[in-house]
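Look at the two complexes coming up: subunit A is in both, with subunit B in one and subunit C in the other.
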Partner chain A sequence: MSSASPLPRSPTLLGADRSDRIYRSLLTAIAFALPGLIVIILGVLFIEALPALKRFGPSFLWTSTWDPVAEVYGAAPMIFGTFASSLLALLIAVPLALSVAIFLTEFSPRWLRQPVAFLVELLAAIPSVVYGTWGIFVLIPFLRAHVVPPLKAVFGWTPFLQGVFYGNSLLAGGIILAIMIVPYIAAVSREVLLAVPTSQREAALAMGATRWEAVRSAVLPYGRAGLIGAVILGLGRALGETMAVTMLIGNRHDIALSLLQPAYTMAAAIANEFSEATTGMYQSALMEVGLILFVLTVAVNAVARILIWRVARGAAVGSKAL
Partner chain B sequence: MNETTAVLESRAYIFWYGPAQALHDISCAIPTNAITALIGPSGCGKTTFLRSINRMHDLTPGVRHSGDIQLDAESIFAPGTDVVALRQRVGMVFQRPNPFPKPVYDNVAYGPRLNVLAPPRELPDRVERALRQAALWDEVKDRLREPGTALSGGQQQRLCIARALANEPEMLLLDEPCSALDPIATQRIEELLVELKQTYTIVIVTHNMQQAARVSDYTGFFYVGHLVEFGTTQQVFTRPTDERTEAYITGRFG
Partner chain C sequence: MKTTRTIALAALLCAAAPAAAQVQLNGAGATFPNIIYSNWMLAYNQAHPEVKLNYQSIGSGGGIRQFSDGTVDFGATDAPMSDSAIAAIQGNVLHIPTVMGAVVVAYNVPGVSQPVKFTPDVLADIFLGKITNWNDPRLASSNAGVTLPTQDIIVVHRSDGSGTSFVFTDYLSKVSTDWQQKVGKGTSVNWPVGLGGRGNEGVSATVSQTPGAIGYVELAYALINKITFGALRNSSGNWITPNLPSVTAAAAGAMKDMGPNTDFRVSITNSPGAQAYPIASFTWLLVHKTYSDTAKARALVQFIRWAEGDGQTKAPELGYAPLPKELHPWIQARLKSVTAGGRPVWKTAE
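And now, the complex of A and B:
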């Protein structure tokens, strides 16, 4: 490669060398442009959020006033709503998705595996706005008629089911999120479980474990890091999901413990209010919300991918001795 | 010790993988408290037969068998047979060491915990006893909290043997347990097997004829799915009755 070579070289070879070099630098530039984009987005968010950062300082994170008229902004309700709806979604989605993954890798008849895995992954292809519409016309009426009354009858005394259920609520938003993240968690968990060597299952079975005991005591512990990664990946999805949640969560700047009350998420707030953000400080406050959401989702996704990667590479297992 | 008592008897056992017949009419009696070696070229059904004994084929789709295998005069295929109990009585050690990515202690305690063989306070004693039986105790007694996967290959295989022994089996099946190990680790395991036959009935599949000659009391020679010859190791190796056996053990094929 070095042009300092004292040996005479034919012009054609030199030419080939040059075009090679141009091609390579072009590809290198493109390859660096994508991570560069992340840095640029982060930079823009930061610069645009700077006025709000300066004015409200860290108290932006824990104050609840969101008053465009008085130009006072605090994001606590949407930060709370983002986490509350995502955790509710995980609570519902994780058992479902893990059951699907365990069934498909360990118990299902062979011919059923591909079709079911395919259909579950297809859930991820449905546009978010369709989930939102389905939520409004099917899920909310169903919840109102068949789910909330019995829930209230049994758990009505807890702080989580206070107030009247009007439809748009943390509960509706959390459930729609759960349905949307099931395919991601199920697909990744399935990959993780498939990566668990047969020898581990056989070891457990040969010791007199039943199929389920082998899953519980050998397969799941072996894939634990990857399964946690799958769940965190689902969390990352849930934190950033916008459209369907915006349509169902009620969009109210308020912290309420009750699942039946409307709430707000960071993503929903940005989507709803950006067109109304006329003043500089309003825009800047939304940018700061975006910055928080960006950092949060990037961090969550990074952790998830590292965990999954470790299982897939066998690094979490340490069979280096062989 | 009566060496002629058979703990395991195979009667006209036939096995198919889908349309391919892997075992033809296997009949033999595995004597108790002895080491029986199954030898033969690759793909001749040794492992298939071994894995039939603790019904590991139950999980393989598309297989079937006929004939019978009896453990202590009871068919292991009889309807209502408790496969879990069968596998507890017939332990297995695989070709490649497959310890769980758990601490050494938990690897050995796996069986006793799973099958509730002992109250928790007796577990430490049991783990120590199994590790001593597997000649691993001195090497790992200060490393019981380290993952079993952090041990060397030979230690991992002895850990797998300890794990099988802690389950209190009557019989131990070993599928080429030394094929992934170096000669020194192999020698340790061979010495170990000779000690263990005082207490257990051992069946070992091996490609290594020297190994079969060194450690076993009985030898079965498998060839293309047939059990060509079965007898005392001394007889099979010095006066084989079948010319294919002779050809194999003298190294003319395989």
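And now, the complex of A and C:
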């Protein structure tokens, strides 16, 4: 930075340049530290899971015995339970959340939009353990008295409603998950629908479509990718939810098709068993479960982001959804 | 008055030795004795302000891990360390029993007000899934005069690893060869049937909300929360309702099998005592045999000595069964063997 520099600059600009560079490298370091953290977490999980990976190999994914006494571990029931409870939750939550989002963007009077959106999003603020407690003392007795008997009367012949209803079950876990993910799906869907240009609606209405036909034929298809993204974000949350699920799902290492039977999820198993996992192999098996869960949720979230991003590219407003 | 004297004495001692340095002792482990340990540590610190005790109730497994790693000065556990775990730290550990606990069988049978009685084989077969209805004739035969309803039995067990599960499965392994071969004992086991509830509160909430449920929880938890529990037939053939005296009796009854040189890593379930409740257990403090820091070792031994003496009187009101008095000389002998820098700390402790 001598004065012989071919491009003379004022000292103040020089100083600004130096502090800018420091500032930039600092920000770059921080920005890279966060993705770096993910890599480190993945690395630690992998290293800790290595003994179990070596001992059980890929059969860890499809064997069902979980016996800490005999040191035999297989994660199939947890993988199954994680997916089953999350899919059940989606099955219940998606129609609810989409209805809320469509109502708020297309049909609601303007003065009602904010209060309803606020109340729905408030569901996301309730602590998980409160959901769990509510589930044990309100939801399960309600299911036992008013939901399961009529369900069994009508659909009792299907494999999904076999056996005695214990209370704590896949059904109870799935319903609580559904309630917990509705606000996320509804909020993102609402932003996606808001990002659909008004011209789309106007065009459909001008063609003589009713409001419902306009929503179905113009608005929803336009935002399709974003809506799928919203659903998958909800799925990502459901996969990793721990406390409320472990309080309601029954924590049983078993694969049963029936919604009335207890099940287990990967997150619940780790939360339950890690603190007392004293032997190396037990700990390592739980780490492998963590690794599977980590990879799954990262993959699911990545897909969701890509889908939403595709919508956002079309209409910049949609990026607010993220 | 006694406390004032103790405090006065402590104050005097402090005044006499103004150079007495602060000693900070850190411990971690079992959640079961957390209430009494916290209580003891507070009381001990009031009498001995120079000793600061800190206990984290992170669970028995975590306590063993941190004690073995040397991150805490003492550990605490509801399930004794295994031989391999002891070998891993070159045998540098003493198990010192502090109080006793028990596991009770809680149930929810609609319309039954008398306590339900369980024989050991019936209890094992319920948890093995062989007895599946409350109207089973084998249950009826030990419950004459009680009409048990036709209702499916729903087994509830702990889903988290727990010393309570260890004690319960240890008992079932002793009374049922079937259980021993198929399931075994441990803080987590492969339960043949049933639902998992998280913690004592999870099990008791599920039991109370599920008609026909049966589960197991700690005695202290059951007493405080007024949970209905059953009576068990012990190895002498007597029906025993779990309470603090019948738990203390379990340790007293098992003393003959232990012998004065015991390392206290003994299971006292299914104890031979006539009035012994069969699903009882010690909870242990884990103490190193040799320490490098003399001040710490001395303070720790002094604290445990106090807990085994005056501290025991606090146990019943907090829901813990005190140790039988006959056990104290054996515990003192173990404490006397603790050394720091090659010298025992017991004598210099005075």
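What we mean here is this: the second predicted complex is superposed on the first by the 297 of 322 C-alpha atoms of A that agree within 3 Å, B and C clash if a C-alpha of one lies under 4 Å from a C-alpha of the other, contacts with A are read in each partner's own complex, and residues count from 1 in each chain.
Criterion: contacts are C-beta pairs under 8 Å (C-beta built on N, C-alpha and C of every residue); 3 or more make two chains touch, one makes a residue touch a chain.
This one's a predicted model, so the numbers in the text were calculated from it and none came from an experiment.
**Student:** Kindly classify A:199 by the partners it touches after superposition: subunit B alone (first), subunit C alone (second), both, or neither?
**Tutor:** First partner only.
**Student:** Tell me the contact category for A:168 with respect to subunit B and subunit C: first, second, both or neither.
**Tutor:** Only subunit C; A:168 stays clear of subunit B.
**Student:** So, A:273: does it touch subunit B (first), subunit C (second), both, or neither?
**Tutor:** second
**Student:** Considering only the touch criterion stated at the top, classify A:252 as touching first (subunit B), second (subunit C), both, or neither.
**Tutor:** In the superposed model, A:252 contacts subunit C only, not subunit B.
**Student:** With both structures superposed, pick whichever of subunit B and subunit C touches the larger number of subunit A residues.
**Tutor:** Residues of subunit A touched, subunit B against subunit C: more for C.
**Student:** Using the touch definition up top, name the residues of subunit A that touch subunit C in the complex.
**Tutor:** Contact set of subunit A toward subunit C: 65-70, 136-137, 140-141, 164, 166-168, 246-247, 250-253, 262, 264, 268, 271-273, 275-278, 282.
**Student:** Quick check on the complex: what are the subunit A residues that touch subunit B?
**Tutor:** 110, 197, 199-200, 202-210, 213, 217-218, 221-222, 316-319, 321-322
**Student:** Going by the contact rule at the top, pick out the subunit B residues touching subunit A in the complex.
**Tutor:** 54, 56, 59, 61, 84-88, 91-92, 94, 96-102, 110-111, 114-115, 147, 149-153, 156, 160, 163-164, 167, 180
**Student:** Provide the residue numbers of subunit C that touch subunit A in the complex, in ascending order.
**Tutor:** These residues of subunit C touch subunit A: 58-62, 64-65, 82, 85, 152, 154, 159-162, 183-191, 194-198, 202, 205-206, 209-210.
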